[in-house]
Amino acid sequence: MTKRTILIQIDPDPQPSVFDRVVALDAGADEVFSYGGVQREQVRNLVHGAIFTRGPQDLRRTALFIGGSDVSVGEALLQEALRHMLPQFGLRVSVMLDANGANTTAAAAVRSAARHLDLAQTTALVLGGTGPVGQRVARLLARRGAEVRIGSRQPARAQAAVEAIRRKVPEARVQPAPSDLSAALAGCQLAIAAGAAGVLLLPLAARRACPTLRVVVDLNAVPPLGIEGIDVADKATERDGVIAYGAIGVGGIKMKIHKAAIARLFERNDLVLDAEEIDALGEGG
Amino acid sequence: MTKRTILIQIDPDPQPSVFDRVVALDAGADEVFSYGGVQREQVRNLVHGAIFTRGPQDLRRTALFIGGSDVSVGEALLQEALRHMLPQFGLRVSVMLDANGANTTAAAAVRSAARHLDLAQTTALVLGGTGPVGQRVARLLARRGAEVRIGSRQPARAQAAVEAIRRKVPEARVQPAPSDLSAALAGCQLAIAAGAAGVLLLPLAARRACPTLRVVVDLNAVPPLGIEGIDVADKATERDGVIAYGAIGVGGIKMKIHKAAIARLFERNDLVLDAEEIDALGEGG
Amino acid sequence: MTKRTILIQIDPDPQPSVFDRVVALDAGADEVFSYGGVQREQVRNLVHGAIFTRGPQDLRRTALFIGGSDVSVGEALLQEALRHMLPQFGLRVSVMLDANGANTTAAAAVRSAARHLDLAQTTALVLGGTGPVGQRVARLLARRGAEVRIGSRQPARAQAAVEAIRRKVPEARVQPAPSDLSAALAGCQLAIAAGAAGVLLLPLAARRACPTLRVVVDLNAVPPLGIEGIDVADKATERDGVIAYGAIGVGGIKMKIHKAAIARLFERNDLVLDAEEIDALGEGG
């Protein structure tokens, strides 16, 4: 009898996400084991339970999903999970990280822009570029060859984000954005807003004053939006001469990427799906 | 591929009820997501996870069940859940409340009585009528046209319960029962005991002294029963000239109503199944 | 419609074991209800939810599994669960105890030895024989007629273990092992090491000095092993003239016994599967 596919949902929040659980089922997982309030020291037993129960030929039918609302906590749990795999004995299972939806959201934003722009020829401003989603957006853009400017109200944080990206993507063309918005936008074809909810990052006047701008993507779903004059449901909608995407418009693409990533987990037992790997899936989907 | 039906069990008790979980599966839910120790402030995320993951045509395949041992906590969680639906965008899922089994028990008690009496022509005494089950029994009887007397050792609580019922059912014929038991029973065809476990509310002598009485229903499963001289397993059993139901006798009807209500949740995405709606289901079943 | 089989996993550890959950599914349980952090006073409600939801003809399709990392806590939860069954009304479900894998591990160790030895004609030394696994190994050997010596660094604990076994198996031939290892081994055909991880209990020299020894079984998976000179993956492997089993070698047999026990739970509604019952299953498998 073919063994059922099992996704082990590891969530540091007190109640494991309903969102992640529904998407896992709809992506085809037969069973979801949902763990909430997961502490780092509990990860070892969860991983051992995954790798010691099925034979090597069936290990691809068990996988881990690391979620929760805090991306840095999720990253620590991912490292901890990898530490307890035993690849030298073939004892490992695939893992996906999507804390706060950061990886699938960043991949969806970049893929939306790539529908309209040749990213290798694009200059992009990432507003709110030092947060977990913004950093991932900037990294994915840089990896695809774009010239990237990271906007932040705190120059030191922008510089730190730039250095973090360069460590992961040595060939990256990335730098802090000038603090003056019109200078930051000058020559850009793409602006993506990944800031905190309810903070306006790109006023309509600034947008209109930038003649090179062709695509804007706003990842904030709660009004007021980060980019003035567009709608949360915009999906390749023309707004004042630019192509606009709002958070809900990007959401459909995000959901497809999320489901494709879950399905991918069960094809092999040695995958680690973080931002880049999820973005790569997106390209084929 | 047809999406699996999902029931999200929201339970404020530390361990989510096995009872509710088994019944949900046996009623046909494909998957049950069980959440225990749910705090009011956690409900928003649970609801958003339900309404933001599936398209409008599939939202009826996700539903919420609110349980737990405390009815007033359950009522507060229901209000909180409704507050986070977004009906203006069609984003909502159906919800059922059955904390402590109060709604299904009350509906089962009333339906048992209705097998033998024309409730619109009935005068009923509800003993223990100020507790969560008793109030629901009284309300359902009043809505079906019965003249209802609410028994309680504390007249102020009986008066408060009467007023609460009148707010929900303006046409209700309901009043506090006289404190003297023979006066309270005078002219009644029906007596339902919904008091605390182990408290005798209707002695055999008082029952025999009431010539109009035709049906008695006792909802207490733990001896001593609330109605003297009947058995917990009585189901339309004749006892001293009246038709008697004990808690286990009512239990089979309660289980049918519970399962019918769960199945009903997955027919539409806009139902709120509280006492009245569950009672209405019972009529057809 | 046939009701789905449900295994209710009762685990006192904060996160219910992934291992037990995967094995339960792979053994054929349709659904696993996983409860973590279970306190003794919560067991009553879990049991009542199991026995009050399905009719007598379907009760065998619900069962309990008691796990967790602490065997004595598991034993207490088993007693508590049995206390809340209502066999006088036919209201009970089957239960299996396998806290820390102790029962399935002990049964697998004994079955491994029985492949090579007539246990009724065997003298056996159980090193680390006072711990939860060691005591079970000794008890199962004694029940099968072996003469058993219980090794421990603390003579008082060995004596206590001997008495505990005699209470359960009055005909047992069991005694504390001499504190001198060569005396303890003298005349033994079998040595089983069930001590704490990383403690060497049987050095190679001592093993070689015992001419009667034919089979050794080491239940410790973490190097250094309890028995020097064998490998954790040994499975009936010859080592210096004896037949050796390491923890992983025993693990395959343990897994088969575990799955057979889970499947057995759903054949009747009145089983209590503790060490002896699980060992008996092993014989047939």
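First chain written, first letter: the chains are A, B and C, and each begins at residue 1.
As a convention for this text, contacts are C-beta pairs under 8 Å (C-beta built on N, C-alpha and C of every residue); 3 or more make two chains touch, one makes a residue touch a chain.
Remember, predicted model here, so these are calculated numbers, not experimental data.
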item: Homomeric contact subunit B-subunit C: same or different residue positions, threshold half; value: different
item: Superposing rotation of subunit A relative to subunit C, computed on C-alpha atoms, to nearest 5°; value: 120
item: Computed distance of Cα centres, subunit C from subunit B, in Å; value: 46
item: Multi-chain contact residues (two or more partners), subunit C; value: none
item: Of subunit C, residues touching subunit A in the complex; value: 14-15, 17-23, 25-26, 34, 255
item: Touching residues on subunit B, where the partner in the complex is subunit A; value: 3-4, 6, 8, 31, 33, 35, 37-38, 42, 45-46, 48-50, 52-54, 62
